[in-house]
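Next come two complexes built around chain A: one with chain B, the other with chain C.
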Partner chain A sequence: MPPTSSFSRRRFLSSTGLLFLIASVPGARAAEHSGTLPWKPFAALPPEPLPGGRWYVLTPDEARTVEAIVDRLIPADELSIGGKDAGCASFIDRQLAGSYGSSDRLYMQGPFVAGLPTQGYQGAETPVARYRDGLAALNKHAQAQFSGKNFFDLAAAEQDQALKDFEAGKVDYKPAAGFFNLVLQNTMEGFFADPIYGGNKDMAGWKFIGFPGARYDYRDYITAHNKPFPLPPLSIAGRPEWKTGDKAGGN
Partner chain B sequence: MARKLPRKDVVIVGLGWTGSILAHELTDAGLDVVAIERGPWRDTATDFNVAYAPDELRYAVRKDLFLQPAQEAMTMRNDVSQTALPMRDYGSFLPGTGVGGAGTHWNGHTWRFFPSDFALKTHLTERYGAQRIADLQLQDWGVSYDEMESAFDRFEYLCGISGKAGNLNGAIQQGGNPFEGPRKRDYPLPPMQMTYAPTLFAEAARSKGLHPFPTPSANLSGAYVNPLGIAMGQCTACGFCERFGCANYSKSSAHTTVLPVLMRKSNFEARTECEVLKINLAADGKTATGVTYIDVNGETFEQPADLVLLNAYGLFNVRLMLLSGIGKPYDPASGEGVVGRNYCYQTNASTQVFFEGKHMNPFIAAGALGQSLDDYNGDAFDHGPLDFVGGAGINCIPTNGRPIQYRPVPPGTPRWGSAWKKATKQYYNNTLIFSSQGSSYATRGNYLDLDPTYKDRFGRPLLRVTFDFPDNDIRMSNWVSDRMKEIADALGGKQAVVGKQRKGWNSVPYQSTHNTGGAIMGTDPKTSAVNRHLQAWDVPNVFVIGASAFPQNAGKNPTGPVGALAYWAADAIRNHYLKNPGKLVEA
Partner chain C sequence: MKKAALIAGLAAATVFGAKGFASDLFDRIEAGRYQAVLADCSACHTRPGGKPFAGGLPLQTPFGALVPPNITPDPETGIGSWSYADFRNALKTGIGKGGKRLYPAMPYPAYATMKDTDIADLWAYFQKVEPVTNHVVSNQLPFPFSIRASMIGWNWLNFSPKEFQPDPAKSAAWNRGAYLVNGAGHCGTCHTPKSLTGADKSGEFLRGGSLQSWYAPNLTGDPHKGLGSWSTDDIVSYLKTGANRFDIASGPMAEAITQSTSKWDDADLQAVAAYLKDIKSDGTPAPQPLAATDPAMAAGKAIYLDRCSACHNSTGAGQASLFATLAKAPVINSTDPTSLIRVVLQGSQAVATTARPTTPAMPSFGWNLGDADVANVLTYVRNSWGNAAPPVTPGQVKDLRAALKR
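Take a look at the complex of A and B:
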């Protein structure tokens, strides 16, 4: 089915796809429906994952910094792989490339004034701008504290210290704590969102806590009280071993 | 310049729960009805596709189905001494948009309010004296529970609500809610099968002499064909309910209960992605002539109609009245005026009980699959020795185990690093959460009006919410938290953390999309915006239907009474107004 005007409109309405890079409402029109259910086959809007293998928003150095951060927030240990191997940085980069990164869906009209904590984030800066600025500030802090080294070149314990300084707002960078919270939130999103968005590699986050993923029918297990759930997790895209050519089983 | 369209009998603003019910009822009465909806068309097969519906990031975190603040935001402050600022992202509550409205992504708790809730001021004054409620601005609804009973019944049978009656024609039923008002017949479907955590909760509550019962649920316990002939299926407990559309035809919404019949009618038309800018009034200001709306291309239209029904989300009903000059705006300084009056919310607190060695399996869940108790709700208990009025339902309804947002850990756990990982893994499957959902009673200072500074994308003022939890409600909620502690202790577990609500309503963390009031119903045009039939006092061919009509909010989810009010208003229009258009109540 060729794209129609309403198809384009639907894409605008979604939150997670690349097509927000061209976000506008080309040729959209209001719809009138009468006398029938206006259902059309294949008119739905599936999620639009971005292809991997490249950075969309982050520069190579910014990407290295984010990879170093997410690997401290979620370190590799006996419980799971770390945030870097799970693809959290890649997830964040792809989110920044969409409507999330540009705050397209938020109320962004001024005046922008400082508010009370009960009034939420009142800055005019988008997540892309906050990452640019915050990552630069983190490097500056690392260089000042640890003999000129970039954050990604620090030892793990030094990285942890720099992150704790940001978390506590104990640095000469006013948005530090807010930036830390933004990165922490996005890292957790990347570790636990469906793998189609570039993180949670091989459902590592879900296996870590025992979440079965995109399953849609638990009726056989509702009254199996206090028993371990027996099935492995499932992504919207299926399971890795379903891919043609893969060995059966695994995980 | 607006292009003028051919006249319709009825124009409906907003095609959610109430708009769909009113459209169905009035097209059945032979009227020519058009509904104007600012969001997109949505239907189950297309938009809630089972292949990608279980996507937490897209729907629960990025809020794909909700009203986007870029389209319409609102400003907030806790009291008039503060300067309201826009909620740049919705947080504390999440209004819906699109066909089906907020009924698309609700959980499905479907209550009737207590009989005493409908005559609250009279009831509490008689029982405790006027002085007891002097700090509150409580009002009666102007309609009694007995008058509303058949409307509740119709909504429950439309939806296929799954539950157990607690009071059939005055006879208390074992296993149901013994505090509910009398119902003429049982729910259309039996209760859902219980998961583990609510079963533990109910055992603990019973051991304390309380009366838990299965939460009345719009997630269906079995297959069902409703009175319109529309079939639904059994809920699969997928755990993707609130914030999601149901891909399984098992959560009641306009899509699964009304629209398949309504849309096939030749005397009904839905116009989507069209936003109503205002209700037009004749020169006398006492008659609506229709509405003006703008479509997605920016073209403006005038839709004339004999009858205008406001069926938007309650807050937006209020804003449209203020923008259109219908009813006198409320002024908290003088206490006079009616539009924006008695804005209320919900007063909640949550309890976490941490265990060891359990398999709670929180992902096996549905929006309304759980156990509730009303022993401390409304006026079900004697407030004589207490220092508050109102109460809270206590509910153990684990709706999901979606891991971006559901990762309970005991207080003091680091937010990241190896210690965070260890605790997260340990407690994901070992935590039982239950919560209190408390009443929200009106005060003179909590209200809605138009913001003086911030505008929407068409240049119209945003709605301004001025709200904080009243002292009465804080005392109520904290007292109920102490009762939650008793249940938590009976549950055992390694550690219980009982939340306590505090002053200073925060618009950031999600709390509840149960915003009520602002266009309340009543018997006196000086203190209510609409009469007992939801007809605007000042403009009798306008009806305003939704939670905007609640004079104050009870400790229960509002959708049941909202659905019942839709039938109540439809009956008034069909049986009275159409025969003799004009004021149904003389003030």
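Take a look at the complex of A and C:
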């Protein structure tokens, strides 16, 4: 039977030949191991948290503004401490100091096209630039609305009003709603991320929702239905019960 | 006609004779190769990835560094110019060619008990090893240890060469085991505690020794810190496959198993187990475990539940052939915690053998646990689930961490 399709034997051979050629290009970055699996003593890729006690990216005024915002987004109440005491602002500052703040690990060349809301931010600005710009705009809005006062000097209700204006986009600043959502998202991350990244102080966020933290073995409890999990939450850095409280034995 | 038959007969005899000799030599070389496996010569004399027996990595002794020499038959840099007598002397008296004194890092005190027939086989094998030109400067000890003649005094103090004498009151297997453990296997080189001069402490055979920042545990019948709770099958399985129902080998023993004991005949491993099971413990009773209310125990328990229990289980039971059992394990109950601290700090990869090629590995916790954390978690492990051993101090962890990072 003669071939009816245009996909001839000759074309098949030449195209698969090309595939072989591509597959056998030297320097293809595949590692081959034989015998025992490779292993090195002390091998680890630990997280490298920045030390606290200072601001890395935010200016002192910007930091005060962020602290005021996070305390309105997560106000202290009978359930938990507020966003400021939980360290959400320092979490945001340290994230901005890393690859997140500079979008180092994202494709940041054009073209920049407005995407769908589900696609997230599609613009050309880095988070650091968006914070700088957005915080300045928020302050300007506060000053315009509340007789020249900075945002962080406003009463709580006034701060809520300014934030609501931003959330609804009812200000003369086009990225206002996007900026509000950025800060809201980062504040929640700071409240619930591992404490080694600067937020979630003393695992307050995890205690609040009953999350056991960075654990990975529940075999002893998996059949204990309808009973609370007995162990306290656990950070990557450990938990207070690791320490004896004895200075000579602690570290 | 008669003459022709005679010539034909002679020719046949020559051929058969030569053939008989060749197969005899082949058997001897093969027997010698097995002796080299038993004695694990390559552990010291072969660099990882290097040519067989062409010289090894430096051994760090308490007295300084010694580099295992090239023992291939290369005439210039190996032992190609040695005679059988030189070779036999080196193994049985610690004196090499030309009267050169060996250091007992070469376990000649153990090899001295080997039978001449086994040493002759080993010699036959080493003459067939590929000669490699590799000049090794063995003696890198500082003065005064660098003076080889000082070994005359050492030998006088510590060495009385004596070939193995079987005990007629014991079984053939026991005697074979005793011959292997004391001789070619040189188990005591690591597992017997050492005196100040680095010799085996007399009367403390196989009661556990330290070397190169590892602790080689007690192999006597001690039920607490020795092999008392292991059956002969447990011992055989450990030596053959690197793992048994309790434990998985790591560190230098992992190497000894991969390169040596996993290749021993099963009958020889059974013999070793029979002999080891018959070595009496020193009779010291197990200590009392620390109270669970001790602050170090409470802190250690928290760390254990958070960092260890996922693999080793909250009851210390581990997981057969994957994660070592910690409850009632000899090495956990050893007085010297060096190996335990080391494994927690740097992690560990299990042995790879033909029977068990998987090499399950334990991650390093050195980055996550401070000195006191490591001390407390080990104190907890050493005093829970039937274990009882002296607490580990943060200072011990600090010192070993510094030594390992060097």
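Going forward, the second predicted complex is superposed on the first by the 197 of 251 C-alpha atoms of A that agree within 3 Å, B and C clash if a C-alpha of one lies under 4 Å from a C-alpha of the other, contacts with A are read in each partner's own complex, and residues count from 1 in each chain.
Quick note on the criterion: a residue touches a chain if its C-beta (ideal position, glycine included) is under 8 Å from a C-beta of that chain, and two chains touch if they have at least 3 such contacts.
Fair warning: this is a prediction, and the values are worked out from it, not measured in the lab.
K.L.:
After superposition on the shared chain, which partner residues are touched by A:D165: those of chain B (first), chain C (second), both, or neither?
P.N.:
Neither partner.
K.L.:
May I ask you to decide whether A:D93 touches chain B, chain C, both, or neither, giving the answer as first, second, both or neither?
P.N.:
neither
K.L.:
Does the superposition put A:E67 against chain B (first), chain C (second), both, or neither?
P.N.:
A:E67: touches no partner chain.
K.L.:
After lining up the shared chain so the two structures overlap, which partner does A:P228 touch, if you call chain B first and chain C second: first, second, both or neither?
P.N.:
first
K.L.:
Per the overlay, which chain contacts more chain A residues, chain B or chain C?
P.N.:
With both complexes superposed on chain A, more residues of chain A are touched by B.
K.L.:
Between chain B (first) and chain C (second), which does A:W242 come into contact with in this model arrangement: first, second, both, or neither?
P.N.:
Touch partner of A:W242: chain C, not chain B.
K.L.:
Check the residue A:P46 against both partner chains and state whether it touches chain B (first), chain C (second), both, or neither.
P.N.:
both
K.L.:
Across the two complexes, what residues of chain A are contacted by chain B and by chain C?
P.N.:
35-37, 39, 43-44, 46, 215-217, 219, 236
K.L.:
Within the complex, which stretch of chain C touches chain A?
P.N.:
Checking each residue of chain C against chain A gives 295-296, 298-299, 302-303, 305-306, 309-310, 313-314, 345-347, 349, 352, 357, 359, 361, 363-364, 366-368, 370-373, 375-376, 394, 404-405.
K.L.:
Per the contact definition, I'd like the list of chain B residues that touch chain A in the complex.
P.N.:
40-41, 43, 45-47, 49-58, 61-64, 68-70, 73, 76-78, 82-83, 85-89, 91, 193-196, 199, 234, 236-240, 247-248, 259-260, 263-266, 268-274, 295-297, 358-361, 363-364, 401-404, 407, 415-418, 421-422, 424-425, 428-429, 453-455, 504-508
K.L.:
Which part of chain A faces chain B closely enough to touch in the complex?
P.N.:
By the definition above, chain A touches chain B via 9-10, 13-16, 25, 28-40, 43-47, 72-75, 77, 79-80, 100, 104-109, 111, 113, 115-122, 160, 163, 167, 184, 187-189, 192-194, 197, 205-206, 208-219, 221-223, 225-229, 236.
K.L.:
State the interface residues of chain A toward chain C in the complex, per the touch definition above.
P.N.:
Going through chain A, the ones touching chain C are 35-37, 39, 41-44, 46, 215-217, 219-220, 231, 234, 236-239, 241-246, 249-251.
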